[in-house]
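Structures given as structure tokens follow.
Each of the next two complexes has chain A plus one other chain: chain B in the first, chain C in the second.
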Partner chain A sequence: MSDPSSGAAAALRRTLASWLSAPEADSRRASLPTVMLFLAPALLVYAALTAYPVLRTFYNSFFNVADLASSEFVGWTHYAEVFKDKTFWAAVRNTAIWSVIGPVLDVVAGLLLALCLYAGVPFSRFLRVAWFTPVLLSYVVVGIMWVWIYNYDWGVVNGLLRAVGLQAWSQAWLGDPRFALGSLIVTHAWKWAGFNMVVCLAALHSLPSEVLEAAELDNCGWWHKLTDVIVPMLWPTLLNLYILAFIGKMKVFDLVWIMTEGGPVWSTETVSTYVYKRAFNWNTFDLGYPSAIAVVWFFVVVGFVVFFNVLFRRRERMEY
Partner chain B sequence: MTPFPRSPAGSGRAAARRSAAAAIALAAALLALPGTPAMAQPQTLTMWSHWPDEASKRSFIEERVKQFEAATPQCKVNLQFVQKADLYTSVKTSVRTGQAPDIFWLEPDEIAFAKSGYLEPLDKYIDLANLEDWAKRAWTWNGKVYAMPQEAYSVELYYNRDLMKKIGVTPPAGMQMTQAQFTEMVKRSVAAGITPTATGVGDRPYPGAYFLQEILLRKLGTEDYEKLLTGKLPFQDPRVIEAMTWVKQLVDAGMFPRSMATMKLGESHYYFHTNPGALMFPIASWYTGRAFVAPEKGGQPKDFALGLMKYPAMDGSKCPECKTLAVGGSYVMYARSKNKECAGKMLSSLATVENGNKWMESVLLQTGVRTDPSRITSIYAPYFKELQERGAGARYFIGTPLHYMSGKCGDTFAQVLNRAFPGGLVSVNDAAAQMDAACKAAG
Partner chain C sequence: MTSASPALKPPFAADHRDSLSTTLSRMLRNGGLMAAVVLYTLYAALPFLWIGTMSVRTTAEISANHFAWPETFHWEKFRIAWVDSNFAQYFWNSTIVVVSAVAIVTLLGAAAAHCLARYNFRGNRLVYFILFSSIVFPPQIILISLFQVLVEYDLYNSRLGLMIVYVSLQLPLTVYLLEGFFARIPQDLFDAAKMDGYSDFEIFWRIVLPVGMPAIATTIILNFIQLWNEFLFAVVLLSDQGARTLPIGIRAYMGDYFQDIGMIATGMMIAVIPVVVLYAFFSEKLIQGMTAGAVK
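Coming up: the complex of A and B.
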């Protein structure tokens, strides 16, 4: 028998001992096995539910996938087709409009609501809850509710217009390509304004009171106080909210699907609804083409995230 | 009785070996016993059906399943009713991974399931002689039949007799108006503040095109109409343009409700028979599935004066007697089902003339299963008689546009002819050009 204290066995034992024992340098640091023990569940969930689907989508985009068990390799064919697809470009245009305009509406609405509460309007405690409630509603509820609100015959919007003598302005808000996308953007802003309001309100309360008091001492009017003092100081918060909303709207799906399914004549089609349609609504079982659209859009969204990150870092360097 | 003969040697070792062999044989026999007849193992089928909110159809299927379970104790059925859109989404996802239910509900526009190998041919499971030939054709792929065509329907033009009287119009004896008569009726209806037709496309890709498609069928005749739907005849054909131009005139005159784009199919029923009320309802004969239930459950009022007329014949119509007949909700078997024997028996139990009659009697709707109309009795017999009268002498075209169109072509049909054209959002030429471009591109 060989000496147990020498050779490979001893080296292995020493390695295991070093892993299992607490590190000598810093007793507060957990050993690798301990770290792995705690990380493993989260890593497994991440790998199974995020990493694998993403990688599988990349992989599928190079195949005709009628069945996961049998696929046909088509190379870059789907990607070439995506860039020639008119419906895809209509979806890109709508998503771009939504992503750029929607967040402005969200943030401005949230800021105005927050200013109302900050100024101490009557019933502010009730209003704070009421304005935040839409955030808690699911898209299904919001979508169905707003389809009723926009209904041509009995909807509240047209009802109000008729009541004030503006019957000629009443529209099939979701049935007309000129208004459908705008109507959806308004609905989305209504849902999320409460969230932006809470964030803006918190930021308003954290503003240095000396600056605001100094503005008042200088007889600064409310408009100038808002535009020259409050908004500049809130700017980083507002910008963050805008970017968060922008990224979210690049993937907008639920509300569109519930309210218009991308119609009429693709006027509200977004990239997400188009991917879903191609994957599950058309009479085809090919997952390859929708995967290619999803991959293209994934890189577009990642590109914007990187762009905003770089932009923020530069601003931070400039400010500090 | 000695199960194993004694060894002549009778030694201790041999005896031990014999005991061991006997024990093994006994154990093997015991293990084998419960599994001897394969079908003695109870099987539980999963069956997904549409029609969760259509009481008569739901009751019919539930009753048939109960009878099947009573007659076939080794087979249990886990029956679930799911809305069509959700059902389609679920099965389209689950067939790819082997997780689909043993039996599920489809319509023939989803024949792609069979083409992709997800459906089991039913030729050896059900008696095909019990199915109507046209219904079998709707589900035939490569010479095999892939579904049990439970529901069939014709595209009808329902109307409210009371409102018709109110606007001072009397339908002609043959119940088919001319182009001019129909135009006049629509104008009178609009002038009286009554929406001429109740149509909602908020959750369906086809009802907005029912009126146009029936006009096109009558204008072109069955052969050219089929060519149109299969991309062999362009939508820019002068006869098609003529028909679309007339329908566009009706659209511009206010034929469809302004809320059509977001109104759901179920809401359009209510719009027609209850509030605000419409003169006509161009819809398939499965109207009864939702309408012939109690008013508190969304059905038509008890005293509702439901009438049926033929679609108008345009001037110069090639086939004024033509009419669409189509297979609707059908039951298919999943190709990877582990319970094919029970699933086959379940489908076979549905495909009988007796059940065809029961379906017509209780649901008041056509079926792809053969029937014996002479035996049918029902409290709705007058309605059924009228439905038969409207179909008398008809020359049927089998299938609706979405049974022929798929991919980009089908999507354009849903967006343009189903929604934008009846909504007055696109011109005749634009609609025709979009259809041609999409259907030509789709091949």
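Coming up: the complex of A and C.
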């Protein structure tokens, strides 16, 4: 990027410099070399390890990549196959259920916990820290822990059910296709409730206290106070948390892979685990087909993000 | 979930009609609230405590009674896991990969964030948008081809390869958080520094980094926790036992010694201890870091 010697390069440099620098003269103006000094390393990493891999995945999706040295062009075949793939649709269904229901659990639990702390229960500082702890644990630790909690013979869940005389309800929670997905969703909510709690608490503390006091004077019951005052006022925060969790759940992999590997009979398969399985864990090694799934899912996730942004565009986002 | 719902009652109890019934119902509601709080605390904390007790009990003891308090604390299990079961190797792999990735991503991210926050140049917002947008990408879109790239450049199965992938994974969020913070540093500070003859790089090194330290510390903690716990990229990009990070090591150990739950619990504790130690010292900062970007 430093001084080029030839005339053509100098002209190019001038053009680039004029294109890349702001028209008005102020102290925030910077020359191209200065900008690149700061920006180049990050852009280089981005280009090599994000942009290029994304493009290469698109490229791969039109090939059979059976071994890394050679590949065979197959056009849109993989995409046609994806839409006929029953396992893929099972994975989409599970991921959709998880993405829609999971965030409700997370956000509602987080809001309730935040309300407890806001109401001033004793030891609230300690509780805030204690309830947040699961957020910090890795999915491997959380997953193994909950595999044991759900264990049929000696797991805590079945142990409690037997202790209160509900033996009939004890299940192989992760072994039964009817319960496996729900069990994973509960575990995921266990991990993330503390996160939503902290965000809700921050939002609660930023509410004007007069509104709550007015509701108090109006003899407003706790339920109405919650549904008519608190939830509407926190709505932007709750919505934000929901969208954040929704997008996170579209990508869910770790917990599923550790707890069930997508089983039993695809009842907990998510799109992420299916792509991983087809790419690295299937007996037919082909990177092309899973790339096609990844591309399809990429557009689904990005589509949802764009949709949410258009739907709930906020003023501060438009200040570009 | 259900255990937390009674918690709704007390905060907003306001019934002025009958003082006796108010008092009674308030006590009841407070009792309900306290019960909910206690139940949720048990629900959140007991699994962890359970793993803690298992980590110092032998598998035979655990099989006899899964929920007993340890009679004798078998601390030697930590030595066995550390030395004989390769957890020392996994621990140092994790440490080397994560610490260097966090250091590099902090520097690169801060430089880029400073540039985007401070300088007017055409394409500024475009670059910002490009860097930031990859936050929402599902990981699979780069996972498979990163595997190919690392194999081609002989970085597959190496800590160096995983480290640079980790740098790229955390770069968008780091730039996003730091840009927002750096943009709020007053311009006067920079103009004064310029008048004092500081170069652009000196301004970054001697003003932005020190002034931005609170935000930088937050991103360091956030990146550390996320990478320390990272599983998907590590499982794809490492297969060699010598290169495994802690999450992969524990997961592999669970696969190989499925019956030895006592030792698996010990390994889990080894992975959790650095996070707990960090948490003990910086709980506020950690919570801030993990929720940064979500709290407005």
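Note that in this section the second predicted complex is superposed on the first by the 288 of 320 C-alpha atoms of A that agree within 3 Å, B and C clash if a C-alpha of one lies under 4 Å from a C-alpha of the other, contacts with A are read in each partner's own complex, and residues count from 1 in each chain.
One rule holds for everything that comes next: contacts are C-beta pairs under 8 Å (C-beta built on N, C-alpha and C of every residue); 3 or more make two chains touch, one makes a residue touch a chain.
What you are looking at is a predicted structure, and each value in this text was computed from that prediction instead of being measured.
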item	value
Touching partner for A:K277 - first (chain B), second (chain C), both, neither	first
Touched partner set for A:P177, first chain B, second chain C, both or neither	first
Chain B versus chain C as contact partner of A:P264, first or second or both or neither	first
Which of chain B and chain C A:S291 touches, first, second, both or neither	second
Partner chain in contact with A:G165 - chain B first, chain C second, else both or neither	neither
Chain B versus chain C, judged by how many residues of chain A each one touches	C
Touched partner set for A:P208, first chain B, second chain C, both or neither	neither
Common interface residues of chain A - those touching chain B in one complex and chain C in the other	68, 280, 287
Residues of chain B defined as touching chain A within the complex	88-89, 92-93, 95-97, 109-113, 116-118, 202-203, 257-262, 276, 406-408, 410-411, 415-416, 419-420, 423, 425-426
Chain B-facing residues of chain A, complex	66-68, 87, 147, 150-153, 172, 174-177, 259-261, 263-266, 277, 280-285, 287
Partner chain C, residues of chain A touching it in the complex	19-22, 24, 26-30, 32, 34-35, 37-39, 41-43, 45-46, 48-50, 52-54, 56-57, 60, 65, 68, 105, 108-109, 112-113, 115-116, 118-121, 127-141, 144-146, 148-149, 154, 156, 159, 189-190, 193-195, 198-199, 202-203, 215-216, 219-223, 225-226, 237, 240-241, 244, 247, 250-251, 253-254, 257-258, 271-272, 275-276, 279-280, 287, 290-291, 293-295, 297-298, 301-302, 305, 320
Contacting residues of chain C [partner chain A, same complex]	1, 4-5, 7-16, 33-34, 36-37, 40-41, 43-48, 50-51, 66-67, 108-109, 111-112, 114-116, 118-123, 125, 127, 130-131, 134, 136-149, 151-152, 164-165, 167-168, 171, 175, 187, 190-191, 194, 200-201, 204, 225, 228-232, 235-236, 246-247, 250-251, 254, 261, 264, 268, 271-272, 275, 279, 283, 286-287, 290-291, 294-296
